[in-house]
Amino acid sequence: MMARFLPILAVAAALVLPLATSNTYFHHLLVLWMLYSLLALSLNIIVGYIGELSFGHAAFFGIGAYTAAILGMNFGFPGFPGLLMAGIVAGAFGFVIGYVALRIEGPQFVILTLGFGSIIFTTTNYWVDLTRGPMGISNIAPLGVGAGFELSSALDYYYLSLLLVVAFAYACHALMLSRTGRAFIAVRENAQLAASLGVDVFRTKLLAFVVATAVAGVAGAIFAHYLTVITPEVMSLNYMVAILIMVIVGGRGTIAGPILGALIYVGLLELLRATGALRMVIFAALLTVSVIFLPGGLVSLWRRFADRSTVRTARQAQVEAGE
Amino acid sequence: MTILSVNTLTKKFGGLTAVSDVDFEVQPGEILGIIGPNGAGKTTLFNMLAGSMQPTSGTVHLKGQNITGMRADRIARLGVARTFQITSLFPALSAHDNVRAATYRTKKTGWMASIFRTATYRAEEADVDRDAMAALHFCDLAGHADDNAESLSYGDQRRLEIAIALAAKPALLLLDEPAAGMNPEEGQRLVNMIRKIRDNGTSVLLVEHHMRVVMGVCDRVVVLDHGEKIAEGTPAAVVDNPDVIRVYLGREAVSA
Amino acid sequence: MLELRDINVSYGRRAVIHDLSITVPDGKVVTLVGSNGAGKTTVLKTISGLVRPTSGTIMFDGKPIERMEPHDIISTGVVQIPEGRLLFKDMSVAEHIELGGIRAHSGGRTEAERLAWVYELFPILRERREQKAGTLSGGQQQMLAIARGIMANPRCLMLDEPSLGLAPIMVDQLADAIRALNENGITILLVEQRVDLALRLADRGYVLETGRIVIEDAADSLLENPRVKEAYLGA
Amino acid sequence: MELVLLTQQIMNGLVNGMTYVLIATGLTLVFGVLHIINFAHGEFYMLGAFFTFFAAKLLGLDYISAGIVATLGVAVLGILANRFFFWPLRKEHEFTVLLSSLGLALLLTNGGELIFGADPKYVASPFADGIVPLGPVIVTQQRMLIFAVGALVLVLLYLFIQKTRMGKMMRATAQNPEGAALTGVDIRRVYTVTFMVACGLAALAGALVGPTAMIFPTVGTWAVLKGFIVVVLGGLGSIPGALIGGLILGVVEALAGGYISMGFAQAIGFSIIIVVLLWRPNGLFGAARRA
Amino acid sequence: QEEPVRIAAIAPLSGPGAFDGQLAVEGMEAMVAIVNENGGVLDGRMLELVTYDDKGSPEEGVSAAKRAIEQDDVDVIVGGWFSSVALTMKEVTRDRILTIMTTSQHPDTTREGHDWLFRLNATSTMMSGAYSQFICDRMDLESIAFITINDDYGRLEVENYEKLLSECGIEVLGNEYYNKDDADFTTALTKLRAANPDAIYVSAINTAQGATIYRQIRQVGYRGTTIASAGNMNPKLVELSGPALEGVYSVSLFAPDSQDPELLAWVAKYEEMFDNEPSFIGSIGAQSIEVLAEAIDAAGTVRDYGELAETIRGNEWDTLLGNVTFDDIGQAEQNIYLIQIQDGKIASVN
């Protein structure tokens, strides 16, 4: 029962949360949280649902960001259609890369996606005419439609990204209760058996990959408009690792997990600023401790508690599977 | 019309010919047994029929359509379901979810419909749940519906595999040693189950070493040895065949 | 002598074996009968140390073994041939047989004798020495699993459904092999779904239902026991 | 002249390739044997280099003894790392283990920064600047040393895994831990030995490669990436694969750097992987993945 | 006790730029200590340095600057080690807070004219003017080749020097770019050596990469002249590079053998507080604090950024590196010294 109202409560809380303070830095952190949530949820489709570990996801975030920035700067492309284009371009890259990489699985897939990510990173660094190279693109216009309406404050971006997170989270939830979602899980759990039941394993994976990369692209586009700068750094190894941390520490294969993971990532690093030089050491220590003691991610804490009080329905088990 | 027709099917692994020029047919509503000593090529044959292995030569036709060398998922969508000799399940999912996944082939609605919770979607999901529960009941697993597949005992896992194959509502069912891990009493129940499956219109191809099951349920039996078909006929005729006794049955021919 | 006293086992919060006591006297064949999910495999895994009992003791040769690690238990001569074979897919037949001997306890047959005996029992294994286990047929894999167990020079051999996947003619040979092992002084604890066969091989039998021993008797009496007949022999 | 340059670049590629091979051997061991993608491997490489530096500086050892001390020291750390980061997770999903190794990598990098200082250091080796002329082509003594030790280590490791009982126990554990336990393999010891050897190898690589460049706490990231490319290129767990993969990568990078641009060398390394994997999904020498 | 004046120092404190960021912050800390010992600013307000790690990443730099302004409400910002970080950070600080960029050399950092933005380091264009003059006049070269970091800074360097050096008749025989995470340069250097230039110009900001390149230049058998890029010489680099750097020239704002009393005081303080040797990076960090402290006193305000900026622009500042003035767009004009490595020490050359 509780579990049904929880998402609604969470959304309500997210709506009023920024009103608690007028501290714009807090709002900035909230925006990062939401954008990373969107990004982590998208990666979760690959990592959590079809069960392949894609290392290069940051590249698609970057592709989306650069698409929006370049369209806006060079072609005067308006903001919101630009978001759509960012999704399409990132998804198209996802299609091509997925088409090649998804024929391979396991550790090789991990390295392959890392490789594609690195190639895109290097290309962005060197294709100076298009991307301005390592110094990136700055002065990106804020999101808007003409002069009439423009997202100007962090709050605006927060609500926009919150809207997208909620919509996408719901879509993921619905997905997992659908035939397509069952095919995803079947592929993750046992591809050979899935094929023997009529699931086209490759197409299923490709579908997941394209959706995930397209959404990452949209997240990247908003990120670019919001920060007004974008550099190849967002595609670097640091970001690749960061997204994985969010998904796995939060709880892969769940919906709350990646959102929680993004919160931990943004929030913990912020809280640890006070520790100065120890910051990253403590962060890494907490990270490993959490992985060792909560291998199923932070959401498994909730499940431990919930398991005692409720009987898990088969349906829940499916959504949560992968712990 | 013939459900399955296999012509001069051959599979070689390097120098080893695992299946050699095998021919046979399966008629609608028929239960065909395939027996033969260990390593005779039965599983290899199954793998070729189901598309998980490419034949070296020969053809396979399903309801008149050539499916030789087709991918496993496409063959499955044409109505072939199988179980695996080495248990193959979705280990981390509940028994119920294992079976629900098997309804993939017969359902249509996509992700979009689930987002908008259309009426078709809801109706279909109800079907999925019902079909899945029915398959579990059929295989005596209703009590384990919420248990993870990997936590089931070996025998229960074997039955879950059958439930999965059943939930796919196949026209042709390939069972690879379904009675392995069952005692004679349980084997008897399996015989009844397979009969019921056939009565619902499914043709069955059965690989099995439990002769009681083979004798109890098969209409016809094909015997393989070293990849070659050495006998074919009614169960009664086959168990009296001296070659079959020599290479396969041994003393048990008498005790069975 | 292998003796289990008041053993309880759970998986997580789920108790599957309750106050179970079994005795396997030296040189005898004892069988454990029960339907799917009764807990037979769990009992064997508990003896080999893969699963820890929540309470109770397991004595072998008068020494408690229930807290020992699996590889140390094997060194005492208690060896399990697992259900589902658990082979090393990419390793050759010969390597399996070699690995089987790594914890062989001393005494009895020498390694070379055991090797010769194994190849005599299952000639196909000698033929396929260099083949990878993963590409063997189901029945060949079962033979390899048994061979690997024998190489450990067991004093007490536990077989979990050894006939699984074997052709009838091989089942006969297996029965002969089990008898031969027993005649060589190896104590046997047999779990077998072919209950008729198991009871014909065994001296004593235990019937296990949902984790509890419900009947214990001489094997030939069990064969005639109406309850056993109805529930397990399908007659 | 052109030919000399080409030969020199190929030579550069081969010696660099052997560097990669050295880094990759330990990775392929853990990766192939225990199916663990150990992202912290590069950090053990880093520790190997730093331990060599400090053993020389604080204990006053010469380069070779310092390298040996570092190798042994890091091997012991490998045992500890296994005890706390990998052994407890042996039954968990591979992604969880991967993240644990990423966490360990972060911990070691940042901990290293804190303890060793952020300033770059130089592992002094008497062979670093000495040049060996091979006809018109030149190589430093240090790189010759890397080549020789690399080749030796490979042969020894190959023999260890294929021929020794421990090696076979490792492979058995990789393929079926429960089956291995029932065969009498002490799984825990297998884990311990695997990590000990792998981390020792990483440290050895650090001690040898250290003097060819500066060392700093983040140097492991570079190492682990190169290592992974090599491991996947050659085939998981395959020692000959690591050799061929490493040399190919080295030579291709050198040629790409020499004839296109050094900036693209890394991207070209990854491109080779993509091409090779599409042609052979399990790498040049890889066996099929466990089912 | 009055509220301290809080200065945000934003620099890479972890990751590949960590060492250089550390040097900069240490230089600032030493100067803060000196100012505070002399009674602080504005009649008794102490200076307080609040450090932020930008990890060398522009995106992190933005977050750090936002935090400094919006959360921690600092009074001024100093920092900006990597040009790319500086370039993005200035979008956040624009018209919100007074910022003094220290080391970033890219001209664009100040080009767009933010009223409250200053930059101390000479732009690479300014440096290259002075340096190429010297190279042309005194080094007697006929040809040269470059090895350059692939970023905006490196690209600009190549552009400048190719033009300036060709103008005085030195032939440019090649240029090789490398990435900021590369650790081996032998292939690129082999290629340059094969072109057989009289000199190789090394453009490297990162100390570790610089030292590796200098050593490897010799290891590939190149025996010609090495030229170190402007503004990147520091004692650590000299120590790490060993004999490979002996006799090599560079230019710097920091003359290590200067007898300026302020410099001596700072060097003494630095050596007392930290283990590293005083360096150019440290000294320019210190200079940013010094200019700020003096300007705050002169303007009589911290928070009136318009006033403070006017004061900085309108005066000449006597600092540890000599006299400094700022032009309309906030770019500092100060002495550039020619230096050379002699006997393992950085020495100035006349």
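Should a chain be cited, it is by its letter among A, B, C, D and E, assigned in written order, with residues numbered from 1 in that chain.
We take it that contacts are C-beta pairs under 8 Å (C-beta built on N, C-alpha and C of every residue); 3 or more make two chains touch, one makes a residue touch a chain.
Heads up on the chains, UniProt names are A, D = Branched-chain amino acid ABC transporter permease; B, C = ABC transporter ATP-binding protein.
Quantities reported herein were computed from a predicted structural model and do not represent experimental measurements.
Common neighbours of chain A and chain C, by the contact definition above: B, D. Between the contact lists of chain A and chain D, the overlap consists of E.
When chain centres are defined as mean Cα coordinates, C lies farthest from chain A. Using the average of C-alpha coordinates as each chain's centre, E ends up farthest from chain B. By count of C-beta pairs in contact, A-B exceeds the other of the chain pairs A-B and A-E. Distance from the chain A centre to the chain E centre is 37 Å, each centre being the mean of its Cα atoms. A straight line joining the Cα centres of chain C and chain D is 43 Å long.
As a whole-number value, the distance joining the C-alpha centres of chain B and chain C reads 29 Å. Chain geometry summary: the mean Cα position of chain B and that of chain D are 47 Å apart. Residues of chain D in contact with two or more other chains: 110, 113, 221, 263, 266, 291. Residue positions of chain E touching 2 or more other chains, listed in rising order: 13-15, 150, 179.
Within chain B, no positions touching two or more other chains are listed.
Here, these are the chain pairs in contact: A-B, A-D, A-E, B-C, C-D, D-E.
Listing the residues of chain B that touch chain A in their complex gives 50-52, 71-74, 76-77, 81-82, 84, 88-94, 96-97, 100-105, 107-111, 113-115, 117, 121, 124-125, 128, 145-146, 164, 168. Considering their complex, residues 1, 4-5, 8-9, 12-13, 16, 19, 110, 113, 117-122, 128-129, 131, 138, 140, 212-219, 221-222, 253-254, 257-258, 261-263, 265-266 of chain D touch chain E. For chain C in complex with chain B, the residues that touch the partner chain are 11, 33, 35-39, 41, 83-84, 124, 135-140, 142-143, 161, 164-173, 193-196, 230-235. Interface of chain E with chain A (complex): residues 13-15, 51-53, 55, 57-59, 62-63, 66-67, 69-71, 83-84, 87-88, 91, 106, 108, 150-152, 155, 179-180. Residues 165, 168-169, 171-172, 175-176, 178-186, 188, 287-288, 290-291 of chain D are the ones that touch chain C when the two sit in their complex.
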